[in-house]
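Chain IDs A, B and C follow the sequence of writing; residue 1 opens each chain.
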Amino acid sequence: VVRRYDTVSFLSDYGTDDEFVGVVKAVLRDLAPHAAVIDLTHGIPPFDVRAGSLALARAIQYVPSGVVLAVVDPGVGTARRPVAVEVAGGEGVLIGPDNGLLAPAVALAGGAERAVVLANPEHRLPSMGTTFDGRDVFAPAAAALCNGVDLAELGPSVEPDGLLPGVVPLSRREGDRIVGEVLWVDRYGNCQLNVGPDEIEGWGERVRVTIDGTDRSARRVTSFAALPPATPGLLVDSSGLVAVVMDRSSAARDLGLTTGDTVVLSSLDDGDEPAVTTAVHLQPRR
Amino acid sequence: VVRRYDTVSFLSDYGTDDEFVGVVKAVLRDLAPHAAVIDLTHGIPPFDVRAGSLALARAIQYVPSGVVLAVVDPGVGTARRPVAVEVAGGEGVLIGPDNGLLAPAVALAGGAERAVVLANPEHRLPSMGTTFDGRDVFAPAAAALCNGVDLAELGPSVEPDGLLPGVVPLSRREGDRIVGEVLWVDRYGNCQLNVGPDEIEGWGERVRVTIDGTDRSARRVTSFAALPPATPGLLVDSSGLVAVVMDRSSAARDLGLTTGDTVVLSSLDDGDEPAVTTAVHLQPRR
Amino acid sequence: VVRRYDTVSFLSDYGTDDEFVGVVKAVLRDLAPHAAVIDLTHGIPPFDVRAGSLALARAIQYVPSGVVLAVVDPGVGTARRPVAVEVAGGEGVLIGPDNGLLAPAVALAGGAERAVVLANPEHRLPSMGTTFDGRDVFAPAAAALCNGVDLAELGPSVEPDGLLPGVVPLSRREGDRIVGEVLWVDRYGNCQLNVGPDEIEGWGERVRVTIDGTDRSARRVTSFAALPPATPGLLVDSSGLVAVVMDRSSAARDLGLTTGDTVVLSSLDDGDEPAVTTAVHLQPRR
């Protein structure tokens, strides 16, 4: 059964200061005027495939049926393949470069069922240069799918197993400690870790958070406002992962954290005097 | 009469570097595909309820009939109530946290007629965490209203008088002087004051503007271009308020002004030699 | 034949931190609810008419039939005229200030066929101030055209020849050298020049790039990835112009280039030892 989609969810590292996003949307409007475009974000740092793949993974379960167009593509113009990947019995197709960007979202959507390389020149725009595949390759393919063109017509099929996997760092257990990593710092300075709530289940209300050799006592909370001022907290965030947070302040700034940093968690016994070193600008409640 | 809305006007402090806005719009598209979303702005500074309430107030008279979704919500996850407020005989419903954010816009739209707390779990998404009410509470409520669900079904009604009021600072008169405050600095550096044109009616072409103890002579103009270079002006801006401006330059930067700063206005007699102190980088016409 | 348009492509220097863009779109939605709005970009630097005109020119060939609304308008409120310009047998109408902003795009679309000044008060909003023509003049005119109002009803016609021309700097030949200028630095730091690929046709693989007295050897490539690390390249970009680029790095930052800077190109004979001075942080392959 050939589907006709009416939504394109669009993520990129194009930013919005240039007209890149606008031109891609102009092409979509021109070729598939019935399709609505949802901008997931275009604020992925330039060339940061990992950040893009994580943002897409966080969003994917909320994305409506249809086409997902994702472009973070430092290898544009090289041999890396532009692909379209069908998931969930055709409920959705993810389009983008085969560089790992799509992989976590594809996995969360149940895995790739069909995949093709976007090689059919009938569904490309003639390019003046070689550097804007979003406009010339990905948008026309997305529009074609919205218009009912079957995936197979976009180019030769590839084995889903042959697609480049994504790289999502896993936390690891070292004795009683969990060694995690900051996956994402959001606008508010919340630091999402690659640690699930199950990994700290059974721990007490306070958790030792070790960053760059400094120990701090963080409180486990279910809302920002439950935190006293200048006190770090651990909160299960809206993606279901453990995040280091502050109330109405940026944990990233106050604790000196950025994406990729290591954060070590260990349990603090509630009765014990915690051997906790505290940065001067923090005033944890004891 | 139950209305079915087809526009959601959306304002937040989410920024656009993360996927927050995109996910809210994905949820809206999924639940109410017929509704168009107008992004009023997502650039409200994080947690700045006052700035959000003022931006919404400036925009509200231009917003089409339908749902207004506004999220600046430092208290997410606390006892502050998520609410929906009906105005103008059902022409519009404003949805957001009951923290004063909606209040000025509600007042400008004629006042609240009905209000409910968004407590009905049937019109919420199951939440993985407790921190993304835009996605899990507000967007589903907006979508439900777009789909013709009556306000009363979203949760228990609350007295409109019980909603938290907004805080809009008023200017005050001290003798012949008007003590105002910068409400908003826009992208161009124009500084909107909480002063209406009626408050300076009858004053001459020049007005003494006192900022942090420094007097300057400002010209009253009706366009930026009427100002000589490096000369501050007073202009009735597009919201109908008095703004301190420069021509093709940022008044905020040149005069050292930011949101919340005090600005004192007093009349300069046209015949008098003005006792005006001028900053070195300004060259007012005498 | 009167046309009824259903797309408004919108470019401005409004930014998205304020609600300017949102209010214009709210007005469009209110007056012409059937019309879709494509945001080309709102990140044009404030007042930078040239940058806006170049972005519009780069985008115009991809813009769908309909109305183009462009606002970069330092002269708002002055005698500069708000205009609507019909092109391509009525396929499109460009609306904006008559300050050169529209001119390059109009030329690329085949030239102005009809033009009017937006003077008809029936197709304006009553203005509280004089500073927001996007909301009060341009958006209502765009909506009117979308609703099938004929161009002639928006105001008195003007001779297309009387519209203000755009200023696009031309490169010049000095002996064997081409003296060009940076037209645009994009998010990735690629520096687009006002030089076409025909101007360097027949040159070898390496080109001498002289910036502020410093010579460098740049490689001509067709993809970023063909460049060794820290090596500048010349690439025909997605607009069909020659750009100075680096692979996965910002040429603007690494070479100290910004919009308006002069860049001189000259041919390097492939057999010769190039007399090339190289900045310390660059490691060109020899």
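Simple rule for what comes next: a residue touches a chain if its C-beta (ideal position, glycine included) is under 8 Å from a C-beta of that chain, and two chains touch if they have at least 3 such contacts.
Note that the coordinates shown come from a computational prediction; the quantities given were computed from them, not determined experimentally.
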The C-alpha superposition of chain B onto chain C, two copies of one sequence, needs a rotation in degrees (nearest 5) of 120
Given over half shared residue numbers means same and under half means different, the chain A/chain C interface is different
So, in whole Å, the Cα centroid of chain A is separated from that of chain C by 31
So chain B residues touching two or more other chains come to 16
Given the complex, residues on chain C that touch chain B span 13-23, 25-27, 29-30, 33, 46-47, 74-78, 127-132, 135-136
Contacts from chain C onto chain A in the complex sit at residues 6-7, 9, 11, 16, 36, 38-43, 55, 58-59, 62-64, 184, 186-188, 222-226, 235-240, 248
